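Note that chain A is present in both complexes that follow, paired respectively with chain B and with chain C.
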Partner chain A sequence: MSAEAQSTRPAPPKKSVKPYLITIAIIGFTIFAAQQVGFSIAELGSNLANAREFLAKFWPPDWEWAREEVPGPLIETFQIAILAAIIGCLVALPMAFWASRLTSPNRWFYYIVKSFLNVIRTIPDIFWAMLFVVAVGFGAFAGTLALIIFSLSIMGKLLSETIDSVDPGPLEAAKASGARHTPAVRSSVMPQVLPNYVAYGLYIFELDIRASTVLGIVGAGGIGRLLEAQRAFFRFDRIMAVVIIIFIVVFAIEQVSVYVRRRLV
Partner chain B sequence: MIEFRNVSVIYRGGVKALQNIDLTIGDGEFVVIVGLSGAGKSTLLRALNGLVPVTEGSIKIDGREVVGASSRELREIRSEIGMIFQTFNLVLRTSVLNNVLMGRLSKVPLWRSTLGIWPDEHKEIAFQSLERVGIVEKTYVRASDLSGGQQQRVGIARGLAQEPKVLLADEPVASLDPVTSHVVMRDLQRINQEMGITTLINLHFLDLARAYGERMIGLREGKLIYDGNIADVDDRTFREIYGRAITPDDIKESQQ
Partner chain C sequence: MTDTIETLELPPQKRPEPPKGGRRTRLIVAIALIVPAIWSALGLDISIERLLSAPADMWNIIKQMFPPDLSYEQVFERTLPKVMESLYIAWIGTMIGAFFSFFLSFLAAKNISPPWLTFMVRNLFNAIRAFPELLLAFILLPITGFGAYTGTLAIGLHSIGTLGKLSSEAIEGIDPGPVEAIDSSGGRRTSVMRFGVLPQVLPTIVAYWLYRFEINLRVSAFLGVIGAGGVGAELVNQLRFRNFPAAGTVLMMTVIVVLIIDAISSAIRRRIIAGKPGEEAPPEMFAAADQVEML
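And now, the complex of A and B:
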C-alpha cells in the first residue's frame, strides 16, 4: 500500500456563508443608518463650495485677544487635568486591586468594586461635569471632580485588567510563605504592574487635558469656557485662535507622554 | 515531625487527588516523592502547607493541625515552611534582594513591607540565604537578568529566608537542563545536611531521585504505592508506580 492510501487526510472544512451574510448585514445597516440621520454627500459637497465664505469667519485668528485672555483659562485647564489625573489614579490604585479576581480580598469586594467602576464608566465625562456643576456650582472645582471620576473609571478598568493577566506564581509563593493578603499582593503583584500603572497615568493625563478643554462648555471651568462665550458672540476668529492653541498644547503633551510611555513598558 | 493520617483530597468535579494517605516524616529527613503527572505529588506538598484544602483526615506538623486551621494559624504554619516551585515564581521586575525578602513578609509589620523599608537584621538573613546558595554577588541584579538555574537558587534563598523547619520543593529542576539540575539538587541536599531542614522534593526523573534521595515515596493515582529506602527500589516497584517499565524518558541525563 502506498503512503497516501494509509494516511487519512482530513477533508477540507466546508466553507461557511456566515462571513458573507455578516458583511452584507453591516453594509445594509450602514446605508439604513445614513438615511435615518440624513447623511447626504451631495449636501456636504454644496456646503463645501461655500468654504471660502465659511473660513473667512474663522480667519485670521484673533491673536491679540488670545494673548490677553487665553493664558488664565489655559493654566486652569492644566491645573484641572493634573489634579484630576493624580487624585483619580491614586484612588484607583487600591480599587483596581480589589476589582481583579486575582488580588481581591474576597468575592463580595470584587463584585461591588467592579460594578461600581463599570457604572461610573458608563456615564460620559461631560455629563459628570454637568452633575457636579449642579452639585458644587460653576467653576473649575466641578470640572476637577468630574475628571477625577473619569480618571478613576479608566484607570480602574485598565489596571484591574492588567492585574488579571499577571503571572500568579509570585503571589502563590508569597502566600505560601505565610504572608498576609495585602503584603503578599504588594510585594508580588505590584512590581509587575507598576510600569503599566505609570504609563496609564500619563495616558489618563492626556485624556484629561483633552476632556478639560470642553468642560467649560457646561460651565465647569478651563479653556472651554472661552469657546462657549465667544461662540455666543459669533467670534469665530477668536474661537480659531483658541482651537489652534489647544491643538498645539494637546499635541505637544501627547508627544512627550507617548515618548515616556514607550520607555516605561 | 510531619504526620499524615488518612488524608484524602477530592477536588471539585470529583477528582481524587489523594486517597487515604498515611505518612510519617521525621525531623531532618530528605524525602523524594515520585510519580506520574497527576499522581498527586503537587497536591501532597500543597496539602501540607494548606494551599490545597484537605477533604478528609489530619495533617500535623510538630503536633500542630493543618486541617481546619484558622487563617491566622495557617499563616503561622506556612511561615515555617519554605516552598520552591518548578517555575521559580520570582517577581522578575524587581531585584534578587527584594525577591528573597519576600520570605520575610510574615515577620514584619504591614507598613514596612508596603514601603519596602526592611530592618538590617532581616536584610542580613536575606544575604546569608543568598550566600548559602552561592549567588550573593547577584543581590542587586534584576531577577529577569538571571539564568534559570540562578533564578531557582534565588527561589531556594527566598525559602531559606523564612528560616523554615521544612522545605517543600515542587519539581524544582523540571525547567532546568541536566547540569543545572544537579547543581540545584546538590544545593538542596547540602542545605538539608548542614541545616537539618526537613526536605520534601517532588521529582519526575528517577535518576535524580536515586542520586540524591534517601527515602522515596511513590504515588500513583493519589495512592501511596511505595515508601522506603530508595536503594531498595527495583523494577517491579517502578512498574507499580509508573504502570510500565523504565524507559529513557524517565532519565534526565538522556533528555537533551
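And now, the complex of A and C:
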C-alpha cells in the first residue's frame, strides 16, 4: 500500500482554554445584564398570568371608531413614506457617488460625505423625528423630514458600497477617451448600478412605511398619533384596532416589496 | 509616393444604435414619481419653501447643542447609566431572540422539516416581524409596566422573527453532502443536525446574532421615548425642557457608544466568517456576511 493512498484522519482541533473563558465571560455578562434590566423567568411567568387579564381590555377592537378615525392618518402615513422615500433617494444619488472611492471627485470630498452618512446613520429615526418636532413643530412635516434623513442614510450606504464593487473598466475607458469626470461617471458607472438603485429604493420605501406607522408616537404624524392619543384615554380597544391595521399594512407592503424586488433583480 | 501607403481595409464601421424607448421610459418613470410626490406634498401641506427652510431650522437646534453639557453630573450620573441600560436591554433582547430563533429556524428550514411545519413557522416569523419594536413595546407597556424589562421583551420578541428568518435561510443554503454522508452511514437524526448541519451554519448564524445586536442597540436607544427603558427617556426629558446642551450630550454619547459597539461587533463578525487573519475564506462566506446588511 502506497503512502498516498492511505488516508490519514484529520487531526482533532487543538484543545485550548480560550473558548471556555469566552463562554464564561459571555454567560457572566448575560446574567449581570439580565439583573440590570430586571429580567427573570419567574417574572415572565407572572406576566403571562397578567396578560390574560389585560387582553380582556384590548378585546374586542373598536372597529366602529376605527372606520371613522383611521383612514385620514393612514393616508397621511403613506404620504409621509412616499415623499420621504422619493426625496431621500434623489438626494442620496449624488451623495452615494461622492461617498465611493471609485467615483468621488477627490479624497477630501470622499471622507467628508462618507463620515457625514455614517454619523447620521447612527442616530435612530425616532431620535430624528423628535429633533425635527422640536425644530419645525409637531406634525407630519417633522416625520417627513426625519424619514428623508433616514432614507438618505440607508440609500447612501447601500448604493456607495455597490458603486465600490462595480467593474472599473468602463470608467477607465471613458476617462481615457477624454471624458470629464461627471459625464464619465454618468455614462459608465450609472448604468451598472441603476438596477440596484431601483431595488434599494423599493426596499427603502418599505422601511419608510414601517417607520412612519410609529412616528406618530413621538408626535411626528401618521397613524401612530392615534396610539398616543388613545393611550391617554386608556382606550385599549381602540389601540388594538390601530395595531391590527398597522400590522396588516406592514405585512402586506413587505410581501409586495419582496415580490417586486425578486422580479427586478 | 501615394502607392507606398497601404490603406488598411476595415469593415465599414457602424455606430451602435441608441437603445429604443429611452425617452418614453424616462417620462413614465418621472410621472410615476412626480404624481405621488405632489399628491403627498399637498396632503401633508408641505411646500418647497418649507422644505428648503428645514435644514436651517435643524441647524438652529444643532447649534444650540454645542458645546454639549459635559459636566460630571450630566455625563456620568444621568446619561452614562442610561446608555448602559440600553446596552443591557439590547444584549438580553438579542439573547432571547437568539435562543428561541435558533430552535425555531430548524423547524422553518425546508431541507430539514416537512412543508406544513415550515409554512407555519415561516409565517410566524413574518407575523412577528410585521410588528415594529416600538409598537410591541407600546402594547406590552400596560402589561409589564414602565422600565427596561418591557423594552427587553419587545426587542427579544421582534428579534425572534428577524433572526429566525435569516437563520432558516442560512440552514437552507447548506451543502447537502455532509448530511447525506452521516445519513448513509447510519447516523441518527440528532447526529445529522449536530455534525452535518450545525458546523456549516453556526458561523453565519452567530454573525447574524451579532448583527442583530448592533441593530438592537439602536432600537433600545429609542425605546426609552415611550418609557420602555434606555437612553431615549433622557433625550425626551432634555428636549422637553429645551435644555439643548444636555440633549447634545445624550445624542453624542449615544452615537459614540453605537459606533464603538459597531466596530467591535463587525470585527468579531469578520473574524468568525473570514477566519484568522491571513487565512483564506471562501468568497461565498463574504457574500453571506454582506447579504445581512439588506435586512
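Everything that follows uses one rule, which is that the second predicted complex is superposed on the first by the 241 of 265 C-alpha atoms of A that agree within 3 Å, B and C clash if a C-alpha of one lies under 4 Å from a C-alpha of the other, contacts with A are read in each partner's own complex, and residues count from 1 in each chain.
One rule holds in what follows: a contact is a pair of C-beta atoms (placed from the backbone, for glycine too) under 8 Å apart; a residue touches a chain by one contact, two chains touch by 3 or more.
What you are looking at is a predicted structure, and each value in this text was computed from that prediction instead of being measured.
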item: Which superposed partner A:A135 touches (first chain B, second chain C, both, neither); value: second
item: More chain A residues in contact [chain B versus chain C]; value: C
item: Partner chain in contact with A:Y20 - chain B first, chain C second, else both or neither; value: neither
item: First, second, both or neither for A:G178, with chain B first and chain C second; value: first
item: Chain B versus chain C as contact partner of A:Y111, first or second or both or neither; value: neither
item: Contacts of A:I126 with chain B and chain C, given as first, second, both or neither; value: second
item: Which of chain B and chain C A:P170 touches, first, second, both or neither; value: first
item: Which superposed partner A:I246 touches (first chain B, second chain C, both, neither); value: second
item: Partner chain in contact with A:Y259 - chain B first, chain C second, else both or neither; value: neither
item: Complex contact set, residues of chain C against chain A; value: 33, 36-37, 39-41, 43-46, 50-51, 54, 57-58, 60-61, 84-85, 87-89, 91-92, 95, 126-127, 129-132, 134-135, 138-139, 142-144, 147-149, 151-153, 218-219, 221-222, 225-226, 229, 232, 235-236, 239, 242, 251, 254-255, 258-259, 262, 293-294
item: Partner chain B, residues of chain A touching it in the complex; value: 167, 169-170, 172-180, 182-184, 186-188, 191-192, 194-195
item: Of chain B, residues touching chain A in the complex; value: 49, 51, 74-83, 85, 87-94, 98, 101-103, 105-106, 110, 113-114, 155, 158-159, 162
item: Touch list for chain A against partner chain C, complex; value: 29-30, 32-34, 36-39, 43, 47, 50-51, 54, 57-58, 75-76, 78-80, 82-83, 86-87, 118-119, 122-127, 130-132, 134-136, 140-141, 144-145, 157-158, 161, 203, 210-211, 213-214, 217-218, 221, 227, 231, 236, 239, 243, 246-247, 250-251, 254
